[in-house]
Amino acid sequence: MFSLWIFSIAFRDNVFFKFAEHTFVGAAAGHNIVYGVDNVLRYGWTPFTKGALLYVVAFLLGIVLYTRYHKKYFWMSRFPLSVMVGIGIGLSMRATVTAEFIAQIQSTAALKILGVDAWTGFSNLLFIIIVLTVVYFFIFTFPSVHKGNLGIISKFARYAMMASFGYSFANALLSRFNMIFGRVDFLYTSWLPLPGAMVALPIVLILLAYAMIPAQKRPWPKPSKPS
Amino acid sequence: MSKQGKGLWRRLEEVPREVLYLLIFLAIIVPTVSPIGLAVPISDEAKAWYNTVDKLPAGTAVFVDFGYSGGGEPELGPMAVATYHHMLRKKLKVIAMSTSLEGPLLFERAMAEVGPEKYGAKYGVDYVHIGYIAGTETAMAAVGKDLRATTTTDYKKVSLDQYPIMAGIKDASSFQLLICFTTGGDQSEGWVRQWVTPYKTPYIANVLALMIPTMLPYRKAGQLLSLTAGAQAGEVELLIKVPGRGIKSADVISVCHLLMVAFVILGNIAYYGRKASGG
Amino acid sequence: MLIALWIFIVGCMEMAKKKLPQFRKIAGLDALPEMVGRAAEMNRPVHFTTGLGELTGTVAPQLVAGLAVLGHVSELAAKYGVKIVYSVYQAQVMPLATEIMKEAYIRAGKPDAFNVEDQIRYLSGEQFAYAAAVQGFAERERPAANIMIGPFYAESQLFAETFFRVGAIQLAGTARGYQIPFFAVVCDYLLIAEEIYAAGAYLSKDPVQSGSIQGQDLGKLVAWILTFIGVLATAAGSPIIINLLKA
Amino acid sequence: MSLFVRRQLPIIIVFITALLVMVDYFLKIEGTSPAVRDLQNWGIILTAFTLGFGAVNLFYLHTRHISRRTRGQWPFSIWLLVMIAAFSIVGVALTPASKEYSWMYNSTYFALSATIYSSTGFFIASGVYRSLKVRNLEAAILLLAGGATLLRNAPVLAANVPFLISLDSWLSAVPTTSAQRGIMIGASLGAIALGVRTMIGRETGFLGRLTEAERGR
């Protein structure tokens, strides 16, 4: 349960923060190893033992990946990497065209301006105009399309994007408050009732208060020495 | 006067950060300790979420991605829990995997909170988790193409053949709905690319509120049937009538947001006050 | 469609080898001399950083774009006699950055003014350790300007707020959609999404990057025209374009 | 010859695998399907191998700190390595589905990651106070859209002022979705261009460091 007092201190004070941070980083790396091993065994070793002998190639490639730490043979790790990169590119390219290019154009083009009520028509028209101007904004290499009065198109696009960023920003706040609440709620409902918590809480609070006093000199997180 | 006024405005504009933090902290702690029970309206997206799950007949197979990380649990956990309540009550066959490293562990946490035995649901019969699969989009594509060839065991390394739930499950076409709970854009968008585009699987996603805008174009193009943020868990809890963590957070969020609005107004008054007094 | 795009991109890359395409003005970049000039007046440093991500991953182009801007800013800083500090997250970027900055100082005619140890700081390959170190730098040295271009994650919020508080004028750009709003709210100048690639290609005059951007622009033109005709066709009651796209 | 193996061959591999994956998708040719299925499973295995990289990097960095006794750092470095070892040993020996591992995970990693991410909320909030200001037209638009959404996101206000809900749905459905769609169309072209450049060997970042001879080309 030591993790909980770290919460109180995580956003202030050097030593505690550093301790928490190193715990976090170490745990994350350890966790990665655990699931790496788990996956290699489950998706590689199991089919291999069931007769899929070609999987031995995948194992060899996987081991070769670690040659990247070798001064001389690091180039060998490029082979497995290129297999991964190849799969990744293939998967993303084949679907990106449909999902993010064609489908989006199609959905925009399907909006009706006429034959609907005025407000919907206006909204749809605005929608189409914004899509078109934003795409226009991102045309970089034909300077003539942004000359003179045409510059107003990019300006409009910027305004539209600002509106969308305002919306996003407000949503991000919502996200973060939810997270903070999650921690506070956890402390309150699951941790406080525990024996010992009542003793620990004042100590934590005192530490917190202490950390707050020389505030001007001790901004969070305290600058750690560049190493 | 002008000099004094300027100082005042400047001081207001440069309030020490600690004061702001303290205010936020209070805004969170006070409603947590003593809930006020403020009203919560139900949005269209939450209704769409509820209806999409609700209209599936009992016994339909649903695929779930437990793709959030521990950092996002406070936000996405409540929605995952609420949805599991709903799905298990409806006797759907829920098969989960994780594209996030922490997924299997968070799945256990969520199940402990749901308590599937309340609905007579059994692991392996009504719900199962096939584990974390590395590679994000590669994993999605592989599972979509041939689930059984990708993995033969669940996250506890038990053979999938032993579970009755897996009978008849082969690939993406075996599922009538795909649900993704995630903190990562690669995941929420990846499912559109790897499942929705090739297999036309109906898809709903629950993401961090800050990811919503980026996902909206997919929603509008019909590639997503519902797109909700974690904060909407409270609304779904109301719809399924199982109050949980989501509804509790509503008070806190209300108070915090009011505080933020006050911040914006104060910040702007200070800014203009300083400008007006020539600062 | 994919094939058509392929031809656009490869074709333009080949053409760009012969003649670089012209770029439109990119608003944020025009602010750079002013930013560096301000730092010179105030006698404070300029801070530069490129965020997280690796040179081997999908965000690599963003990093490359950031480094191209770094070269440009370093040259400006050398000319004005301002100290520029580059905070590095990725160890693999260090040699590249050293080379880029050294060349920039040579172009400005002040090779001796460049001090690698002091100006390129490796701040650990861990997100929050890096974030904490950059914030520490901001508090201690109070730079007059801060430039952030590259793939940014959750640390963007911390950086933008901290540098704003110490009074730095900021230019920020990232193609990671989730982080743009934070920059938009806090920073003075903003490069939105794809703009950073254009900025990078424009400054580095690299034919591969420039050509590829021109190819993409042709793709955007296609998107533009398809949408436009599609909207008109729908308004006229004909689903022709929509059916065409479904095929 | 060696340059070919070191530099050209990886690019050829990229080209072939990517093409195979795409061909399987667009043209249903008999025989590619099982091959692509196995290829994808290999991709999973390879990615699983890369999960160890982080630990190796940390190991290098922190053993150096320890051996040099970097001031104010090396005790933390030892602790970090202990954490890695503890997680790996328990997780691999007792499987990650074990109770012991769950406990370790919940009490350290889970609590910390939730905390660290939520702490950024304080920064955004003070950012709201300091910088969400009407400095020019762009900022004004941003503030208006953001402010309206803030009001809507407070459930208590939204419940009592229904206009906020319709305003918010309009904001999200019209300006936000359309602007994001414009960005998305641009970005999708960027992703495709990146793919094309990598496949034909013009984007070589993934190769890692290049030797002098290779760069000369």
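The first chain written gets the first letter, and so on, giving A, B, C and D; residue counts start at 1 in each chain.
The working rule: a contact is a pair of C-beta atoms (placed from the backbone, for glycine too) under 8 Å apart; a residue touches a chain by one contact, two chains touch by 3 or more.
Note that the structure is predicted; figures quoted are calculated from it, not measured.
J.: What chain sits nearest the middle when you go by CA atom centres?
T.: Minimum centroid-to-centroid distance belongs to A.
J.: Take the average of all CA coordinates in chain B, do the same for chain D, and state the distance between these two points in whole angstrom.
T.: One centre to the other, that is 18 Å.
J.: With chain centres defined as C-alpha means, what is the inter-centre distance between chain A and chain C in Å?
T.: 19
J.: Can you check how far apart chain B and chain C are, centre to centre, with Cα atoms defining each centre and the answer in Å?
T.: Here the centre of chain C sits 31 Å away from the centre of chain B.
J.: Please output the residue numbers of chain C that touch at least 2 other chains, ranges allowed.
T.: Those would be 2, 5, 56, 58, 124, 128, 165, 177-178, 181-182, 184-185, 192-194, 213, 219-220, 223.
J.: Which chain A residues touch at least two other chains?
T.: 11, 21, 24-25, 31-32, 35-36, 38-39, 43, 47, 81, 87-88, 91-97, 100-101, 104-106, 108, 128, 131-132, 135, 137-138, 158, 161-162, 164-169, 171-174, 177, 179-180, 182-183, 219, 224, 227
J.: Note the residues in chain D that touch 2 or more other chains, in rising order.
T.: In chain D, 22, 25, 40-41, 43-48, 51, 95-96, 101, 105, 109-110, 113-114, 116-118, 120-122, 124-126, 128, 130-132, 142-143, 146-147, 150, 153, 172-173, 176-177, 180-181, 183-187, 189, 192, 194, 206-209 touch at least two other chains.
J.: What pattern do the touching chains form: line, ring, star, complete or other?
T.: The chain contacts form a complete graph, every chain touching every other.
J.: Would you tell me which residues of chain D are touching chain A in their complex?
T.: Spelled out, the residues of chain D in touch with chain A are 6, 9-11, 13-22, 25-26, 38-52, 54-56, 58, 60, 65, 70-73, 76-77, 79-88, 91-92, 95-96, 101, 104-105, 107-122, 124-125, 128, 137-139, 141-150, 153, 170-189, 191-192, 194-195, 198-199, 206-209.
J.: For chain C, which residues are in contact with chain B within the complex?
T.: Contact set of chain C toward chain B: 165, 177-178, 181.
J.: What does chain D use to touch chain B in their complex?
T.: Listed in rising order, the residues are 25, 33, 36-37, 40-41, 43-48, 51, 95-97, 101-102, 105-106, 109-110, 113-114, 116-118, 121-122, 125-126, 128-134, 143, 147, 150-151, 153-160, 162, 165, 169, 172-173, 176-177, 180-181, 184.
J.: Under the definition above, what is the set of chain C residues touching chain A in their complex?
T.: 1-2, 5, 21-26, 56, 58, 121, 123-124, 126, 128-129, 132-133, 135-137, 139-140, 178, 180-182, 184-185, 192-195, 198, 202, 210, 213-214, 217, 219-221, 223-224, 226-231, 233-235, 239, 241-242, 245-246
J.: Which stretch or stretches of chain C touch chain D in the complex?
T.: 2, 5-6, 9-10, 13, 55-56, 58, 60-61, 64, 92, 95, 124-125, 128, 154, 157-158, 160-162, 164-165, 175, 177, 182, 184-186, 192-194, 197, 208, 212-213, 215-216, 219-220, 223
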